[in-house]
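Can you keep this structure in mind? I'll have questions shortly.
Letters A, B, C and D name the chains as they come in the text, with residue numbers starting at 1 for each one.
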Amino acid sequence: MTSQTARRLTGVVPPVCTPLTAEGDVDVSSLERLVDFLLDGGVDGLFTLGSTSEVAFLTDRQRAVAVETVVTRVAGRVPVLAGVIDMTTPRVVEHAVEAVKLGCDGVVVTAPFYTRTHPVEIERHFRVTAERVGSAIYAYDLPVSVHNKLNGGMLLDLAAEGMLAGLKDSSGDDGGLRRLILAREERGSEVDDFSILTGAELTVDLALSMGADGVVPGLGNVDPVGYATLYRLCREENWAAARTEQARLVRLMGIVDVAPEDRMGRGSSALGAFKAALHLRGVIECARTAEPQIPLNDTEIDAVRQHLDTAGLL
Amino acid sequence: MTSQTARRLTGVVPPVCTPLTAEGDVDVSSLERLVDFLLDGGVDGLFTLGSTSEVAFLTDRQRAVAVETVVTRVAGRVPVLAGVIDMTTPRVVEHAVEAVKLGCDGVVVTAPFYTRTHPVEIERHFRVTAERVGSAIYAYDLPVSVHNKLNGGMLLDLAAEGMLAGLKDSSGDDGGLRRLILAREERGSEVDDFSILTGAELTVDLALSMGADGVVPGLGNVDPVGYATLYRLCREENWAAARTEQARLVRLMGIVDVAPEDRMGRGSSALGAFKAALHLRGVIECARTAEPQIPLNDTEIDAVRQHLDTAGLL
Amino acid sequence: MTSQTARRLTGVVPPVCTPLTAEGDVDVSSLERLVDFLLDGGVDGLFTLGSTSEVAFLTDRQRAVAVETVVTRVAGRVPVLAGVIDMTTPRVVEHAVEAVKLGCDGVVVTAPFYTRTHPVEIERHFRVTAERVGSAIYAYDLPVSVHNKLNGGMLLDLAAEGMLAGLKDSSGDDGGLRRLILAREERGSEVDDFSILTGAELTVDLALSMGADGVVPGLGNVDPVGYATLYRLCREENWAAARTEQARLVRLMGIVDVAPEDRMGRGSSALGAFKAALHLRGVIECARTAEPQIPLNDTEIDAVRQHLDTAGLL
Amino acid sequence: MTSQTARRLTGVVPPVCTPLTAEGDVDVSSLERLVDFLLDGGVDGLFTLGSTSEVAFLTDRQRAVAVETVVTRVAGRVPVLAGVIDMTTPRVVEHAVEAVKLGCDGVVVTAPFYTRTHPVEIERHFRVTAERVGSAIYAYDLPVSVHNKLNGGMLLDLAAEGMLAGLKDSSGDDGGLRRLILAREERGSEVDDFSILTGAELTVDLALSMGADGVVPGLGNVDPVGYATLYRLCREENWAAARTEQARLVRLMGIVDVAPEDRMGRGSSALGAFKAALHLRGVIECARTAEPQIPLNDTEIDAVRQHLDTAGLL
């Protein structure tokens, strides 16, 4: 690792679930327990207010409670990023200023959504946000939600100008990810501290073998030790053992499909399963997800339990 | 008109532009002048915080200023609706409660977006929102932004339960709109006060001839008299004259394409043109749009001027 | 009607279903009966090998049999168009040359599909096809199948160069259709014989009131008299009676939804219903659709029968 | 390798470009030279009539010439697959029967396209095709063209029934690919001869490390030795060297973007670049692509030359 890359964010940075009470408020003590559980599991950073945190469902007040709780509990032991997810620049800037004030080490920003946005407007969005926020900005590439794919060349241009600290890539486009990683290498020192993290929790070994710096795994809430182990094996270039650990995690990921597709959306199913697993593992008090998500039923929760059992997590 | 239909919202209900100062704040006095301009033009209601109001770009504080300004200036002369546009139920409910507190007569709600949402979750979203808000809820069908088409049967079911007061249909699916209007007729009194408004400003005569109750035309900001005239002609079943007036408005709508597609998105182009036209007509002080939209340049503003001239609006 | 518009294709031009035998061959005598049924019903032209003809499912030999049967049976009484639906220019040209050889009066051509196609390539596709075929070419705008929307300006440019005889618009974008019709009017004589037909069978009165020249209604197979009546009423500007007839046809269109969405695609359901209706009305011998479409079951066929009964067609 | 897996198709199986003469006919002697070039380069099989072969642009006669030329020239030295790309079952079956008659070892079949197709219809499509063709069928997952993603569970079910010999996965969904590979392993002997090939030419090392059996790289036309080397290095689990070779090929892949996006589609650009490279390397006589693709200009061809030079291929 060169001196430049030392400044990159690396490792396992799970998007922290936001436990709710039965009434739908943020359950602060469960969230504190979850932070401890993740840090004890060996993760390298925390990403609060990501998609897995139900950021899209939390009110501004709830978002602030979540950030404050995580930042306070972490107390500087690892970096904390916060998602500042909203439709356009003025609203994103407002969230970002708040998150920085609450002590985050960086904010995570998607392209505009809901609006019909042109590539030059996407670039302008990141540029204006960076200028107004004055803190580390991570671009969040999430076409399934934002209906746009970020352009790799634009990201590196912004990085070279000091506008972007990194990328969380949840585009699922591994060929594009590799092109970006090689392009970063070719552009050299001007972008060398640009951190590239993958959100693809089923192919972490692949992303790391290509040169990604870290991973933001939703499933890392349920099994932080697994992802920390996987990350370490990859760094040691022990690819065979990494493959085996990754395969175990892929099987565990089966929990996101315990509910049938005609009963609920895949978001409800995944977030419900993560929270059910955290409840079954004794980390959080209540598995409730926010409206209008459909809750898992008892049969589905049993299926989650069986998955945890198979994975050796109960 | 039967006694039941008397309770429907009808007529021309423009989505009110939100004038901004050069610094990007809501320009209250320009907004007051715009309200006067629209009411003087003969419109039947106002829809603040719609897409044309740049709702996606306004901060919560700016949204509140816009609603308060419009409600106060209208002072009960016509109904005022407010868009409560956000990603999911808890955030939408919060906006809606605020809008009702500020005096709106109804709120306009899309399906969830950014999240991956199942039809049963969309229904639940409207149901929970209606229960918590306790005011007239209008569903907003806008697939270009929300990436989902609302199901007509679901809308009528919710209407029959008293959960929905109406629909703003910006789906562009006129066949579907006709099916919905005929289905409303067939279901009779239980849904008879469900108001159906079209957002399709180029085919107002068609929607009204099918039985729609009104129109929410973005272009109505620029030419409220034109839309009020068009509405009256349709109600008089003077279809030939309506067609001629509608054709004039279609040509005026050419202002949304004065900027080339490789320079900016169609949103920037349309909102920039509406505001440039309002500025050229002396209604608002500054044509600025919110970030990250690209502003029109002088050539493009000249093209807007020429359109206004041709349409007899200068 | 001016002398120029006299050259336009106008009126009701149904896309003729292709009856199949139980073994899946083209049922020539049923197809002949269907041609007679449609001409007796008062239609103004026939469109063979459209989507409703299951063109995507027919082999080249079956396509030739269908064209030949229709052309021969019509014997010049009305114009016959043929769809020449395939992925790209060389394949489309081959189909088109064959269709012209078999006696069609024009061919109907979509943009390329399956390939990723740029707007300049779409224009080149129509241009090369027109040059090689040397017969009347109608552009077919069908985004639901082709995943591209044809540009109105490009269509009129090609029309002005004599490359296109008309458009079948199944885009469902009535605002765009109106813009095209007004643009045709503005460009005057150079495009005055460019015929604009709508495929939107639920809004025929609207399209005709805007200035469309005719309609290509799949449902016209089932009720040609209905569509001929509707067309006549519109031409007489008897809009109230037209609206009533159109509403009856919208209700009849309910047959396309007799099968539930979890049992088959909307294509299977619609084509199965059209053929079941033609069988129930005694026009064709067998209601079979081509593979891999799912056949309607007895309950669903009963529902079709009930719709026909309600519409006065049994 | 167990005895069962010995029956899987493995290795590098490039989709063979189809050289054309200046007049647009299949250039048989160039195609023969290309076959020799690929076999000399060390590939393990050939896939004729894939997307890279411009299958969507070739007439049926041209398709037959291409298959016959490849099969004859290969003369049994490696397996030859043929794409049988068309809209629906009857048309696909016809192509497949022809390809088998011409001596192919297997045919490659997408889900239906152009039509709106339900999952149960997709399964029926593969089932009926397999029953009628009676030869090895490979499913082709290509959402960018077909606008549908194949379901992994369905593929394995069909494999267990002997209906499918394998999959060419060009979906770009590496997480899904990994799930499929693990599911194949779990289902054991009943699906053990089901071959899984990736079309993702930028991440071959990753796919092979996950357990894929081979790769179908379009870029393999230009550098078969590179892909054969990469495959060998992966099989030897020499991941570091594999990564370096893959990185070289990723850089070479830059040829597909030598033409700007406002001048042509990405298909024209990629196929034009592959053919230009083959021409520059002296393998084929003419770099022409089929209509309506835009040809590369001299500047763009120079850029291809430079890429080849950098990659050590001139």
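Quick note on the criterion: contacts are C-beta pairs under 8 Å (C-beta built on N, C-alpha and C of every residue); 3 or more make two chains touch, one makes a residue touch a chain.
It should be emphasised that the depicted structure is a prediction, and the values quoted were computed from it without experimental measurement.
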item: Longest centre-to-centre distance from subunit B, chain (CA-based); value: D
item: Chain centre separation (subunit A, subunit B; CA means) in Å; value: 36
item: Subunit B and subunit D: spacing of chain centres that average the CA atoms, whole Å; value: 49
item: Overall pattern in which the protein chains touch one another (line/ring/star/complete/other); value: ring
item: Interchain contacts, given as pairs of chains that touch; value: A-B, A-D, B-C, C-D
item: List of subunit A residues in touch with subunit B within their complex; value: 24, 56-60, 62, 85, 87-91, 94, 112-118, 120-122, 124-125, 128, 144-147, 263-268, 290-294
item: Touching residues on subunit A, where the partner in the complex is subunit D; value: 172-175, 178-179, 182, 200-203, 205-206, 209-210, 237, 239-240, 243, 246-247, 250-251
